[in-house]
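Listed after this line are the structures, all set down as structure tokens.
Paired with chain B in one complex and with chain C in the other, chain A is shared by the two complexes that follow.
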Partner chain A sequence: MNTVSALAGVVIKELYRRKDFYVLFVLTAVLTLSMGMINFFNDPKIVEDLKEICLLLIWISALVIALTTAARQIPAERENRTVFPLLAKPVTRGQVILGKFLGCWLAVGVALVVFYVFFGVLSGSREHAWPVLKYVQAFWLQWVMLAVVIALVLFGSVVFTSAAENVTICFFVVLGILLLAGHLNTVALQQPEPARTLLYSFYFVIPHLEWFDVRDLVIYNTWAPVPWVDCLLATLYAAVYVTLFLFAGWLVFRRKSLTAS
Partner chain B sequence: MEAIVEVKNLRVEYGARNSGPGKKLAVKDLNLGVRAGEVFGFLGPNGAGKTTTMNVLLGFVNATSGDAFLFGVNVREPIARQRIGYLPELTYYYKFLTVEELLRFYARVFGIPRREADRRIDALLKLVELEHARRRPIKTYSKGMQQRVGLAQALINNPELLILDEPTSGLDPIGRMKVREIIQRLKSEGKTVFFSSHELGEVETICDRIAIINEGELKVEGRVDELVQKHHTDLEKIFLNIVGYQPQLPS
Partner chain C sequence: MKSSRAIVLLLLLLAGGFTLGTTLQPRTTHWTDREPSDSLMKVLLGDSRRMFANHFFVKADITFHSGYYPSIFDQARQAEEKDSDVAHAGEQESKQLEQGFLGPPTDWIDRFAATSAPRCTRIFKAGTRARFCPG
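Moving on, here comes the complex of A and B:
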């Protein structure tokens, strides 16, 4: 565990010494604040629109940070050859995968906390209401969803040779799941056999990242918080996919020959 | 005497997707033993199989057949690397970290307690003369300084065996001398050093025993003084003769 946490520490240090996170945070803040200053036709729903835009920007920024941070971990270790002095120590390849996952997840979690604090302050100052419980649930479910994304990207990073290739493929996979996965069962119903069974199987196999999207809960104050048991089930669902992707990544990585010359 | 490094019938083949059909044989049935407390030079021309053998010993590459052991433990087990230090030919470190952070990270990987790690980091930074730059990111270091970072990280666990891949390559004469001094010092402390080098004069000065490998095959192994006496010439001529070098003089 010491090795895994040491590896995670290096990933976190790398993230906050790079400029990506700061650029995305400043961009989100500037866009939201500039829109927050405008009040179209004294529309009372303007705060809800503002919250929606701010949350969308947070979702995009967090996804970009998660994808780019996780995708470069193992390819960068190989390209910069830092993997050689590392694996020359009593470190297993499984520990490398786990450490990278933990580091990326914690680093993205820190970024997400900053984003949500900003969002909370912004919406609270306009609405004079502080539904902290809903914010915590929205944050937790998004963070858990990002754990699945990071595990998927890490698996991709041991399969694909370059980080750019991995980011592109994973970006389209994640976007496809978020936008289309929820409609696959409806589409399947309209198909003849065997396409129907195939689509249905696909629907049940893919991780439904869109289930973790509870932005409406935070945007509309009239909505009740998610029952805790549902949050727990969603967390367990994500944990299964994280385990599967990390295990698959380890299987590929453990037999890979690394040449130091 | 106890064998620290043992290589038995080691064979490594690489897939030859880029070089035509068949497979490339990098190491052919290699047998090698390095005893405790000796400085062992592993020599051969470029592409002879030295780095591949080292890569197997360090667990980077899987052997096609045969076995390799460190301290009697199969190199496939990560625990085999608990008592070794490795210095790669070029510097491959997290350049956004400071040398102090890098050494602390490796100390944690070895499970060294924090107080002991602090003591070792101070001593190593003094040894490699990087105390003044301990809080600067490694990316701001010169090449010589980065090579010294490599030496410090290789020694963080106070290893009993050091594996050095061309440790003096690319260093200026002072840097080379420093590395040589450190190897001599480690030898006097009873450590075992296994290193590859193209600097035959250096090898002749500091090695107890050597092995020369060519085209993946072991050509000669023995004590340096005995080899020199037997062939009535220096190590460079022995090496050139073994690898089949023919001087091409202008006609």
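Moving on, here comes the complex of A and C:
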């Protein structure tokens, strides 16, 4: 566990040394604040629209941070040849994968906390209400969703040759799931058998990242918090897919030749 | 680890995900009403699409007026004139409506340009131009 946490620590340090997070945070803050200064149609519900924009930017920024941070971990180690001294120490390849995942997940969590604190302060100053429980649930579900994304990208980084290729493919896969996966069951019902059963099975096999999108929970005050049992089930669901991708990644990585091509 | 055992483990995990998915899916529909069948823009932006409505409304208005529309400089000048004319409200109004937002021509080039400037008379009924045209 010490080895894994040491590897994770290096990844977290890398996040605050790089400029990605700062740029995305400043961009989100500037865009949200500039939108907040404008009063459209004297609409009293403008705060909800502002929150929606801010959360969309947070979702995009967190996805970009998770994708780029996870995608460059193993390819960068191979290109810089630092993977050889790393594996020469009493560190297994499984620990490398686990350490990289933990580091990326914690780093993204830190970034997400900063984003949500900004969001909470902004909406709290406008609405004078602090639904902390809803913020915590929205944060947790998004963070858990990002764990699946990070595990998927780490799996991609041992399968694909370059980091850019991995980022592009994973980006489209994640975007496809977020935007289209929810429609698959509807499409499946319109198909004849056996395509219906196959498509419906595929619908339940893919990791549904869009289920973790509970932005409406914090945007509109009408929704009650998500039941804790559902939160636990969602966490378990994400944990299963994280384990699946990390295990598959380890299976590929343990037999992979690390000599530079 | 043998590859057959690894495959069994992978399949077990996949089955676990499948089972949890079937349990979780009906529950997620009660969390919020962000319907998966909504349009892409609605999924991404939700009700905040209204914030961009003003921009598209102005763009449409410019098109309907054949491009004859006050720029930000004209709008600023109008605002300034409005502030200075508060005490004499209504005096200049009819004159301004005749001349449009561009104001009186300053030289012969302006006068010539005014004769060929696009107007919105073709779009709206005669007699209502002054009410609908910008400025």
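In this section, the second predicted complex is superposed on the first by the 259 of 261 C-alpha atoms of A that agree within 3 Å, B and C clash if a C-alpha of one lies under 4 Å from a C-alpha of the other, contacts with A are read in each partner's own complex, and residues count from 1 in each chain.
Simple rule for what comes next: a contact is a pair of C-beta atoms (placed from the backbone, for glycine too) under 8 Å apart; a residue touches a chain by one contact, two chains touch by 3 or more.
What you see is a predicted model, and the numbers here were worked out from it, not measured in a lab.
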Here chain A is shared; do chain B and chain C fit on it together or clash?
-> fit
Which partner does A:Phe171 reach: the first (chain B), the second (chain C), both, or neither?
-> neither
Applying the touch criterion given at the start, work out whether A:Phe118 contacts chain B, chain C, both or neither, answering first, second, both or neither.
-> neither
After lining up the shared chain so the two structures overlap, which partner does A:Tyr237 touch, if you call chain B first and chain C second: first, second, both or neither?
-> second
Partner chain(s) touched by A:Phe25 [first = chain B, second = chain C, both, neither] | neither
Identify the partner contact of A:Thr186: answer first if only chain B is touched, second if only chain C is, both if each is, neither if none is.
-> second
For A:Leu50, decide between first (touching chain B), second (touching chain C), both and neither.
-> second
For A:Asn2, select first, second, both or neither according to whether it touches chain B, chain C, the two together, or no partner.
-> first
Please work out whether A:Leu87 is in contact with chain B alone, chain C alone, both, or neither, and reply first, second, both or neither.
-> first
So, A:Arg17: does it touch chain B (first), chain C (second), both, or neither?
-> first
Could you let me know whether more residues of chain A are touched by chain B or by chain C?
-> C
Rounded to a whole Å, what is the shortest Cα gap between chain B and chain C in the overlaid structures?
-> 13
Taking the two structures together, which residues of chain A meet both chain B and chain C?
-> none
The answer for chain A against chain C in the complex is residues 35, 38, 40-41, 43, 45-46, 48-50, 52-53, 56, 179, 181-183, 186, 201, 204-205, 207-208, 210-211, 213-217, 219, 223, 226-227, 230, 233-234, 236-237, 240-241, 243-244, 247-248, 251
The chain B residues in contact with chain A across the complex are 51-52, 54-55, 58-62, 78-82, 84, 86, 88-90, 92-97, 101, 105-106, 108-111, 150, 153, 157, 163, 165
Contacts from chain C onto chain A in the complex sit at residues 3, 6, 9-10, 13-14, 16-18, 20-25, 27-28, 31-34, 36-37, 40, 43-48, 50-51, 53-54
Going by the contact rule at the top, pick out the chain A residues touching chain B in the complex.
-> 2-3, 5-6, 9-10, 13-14, 17-18, 80-92, 255, 257-261
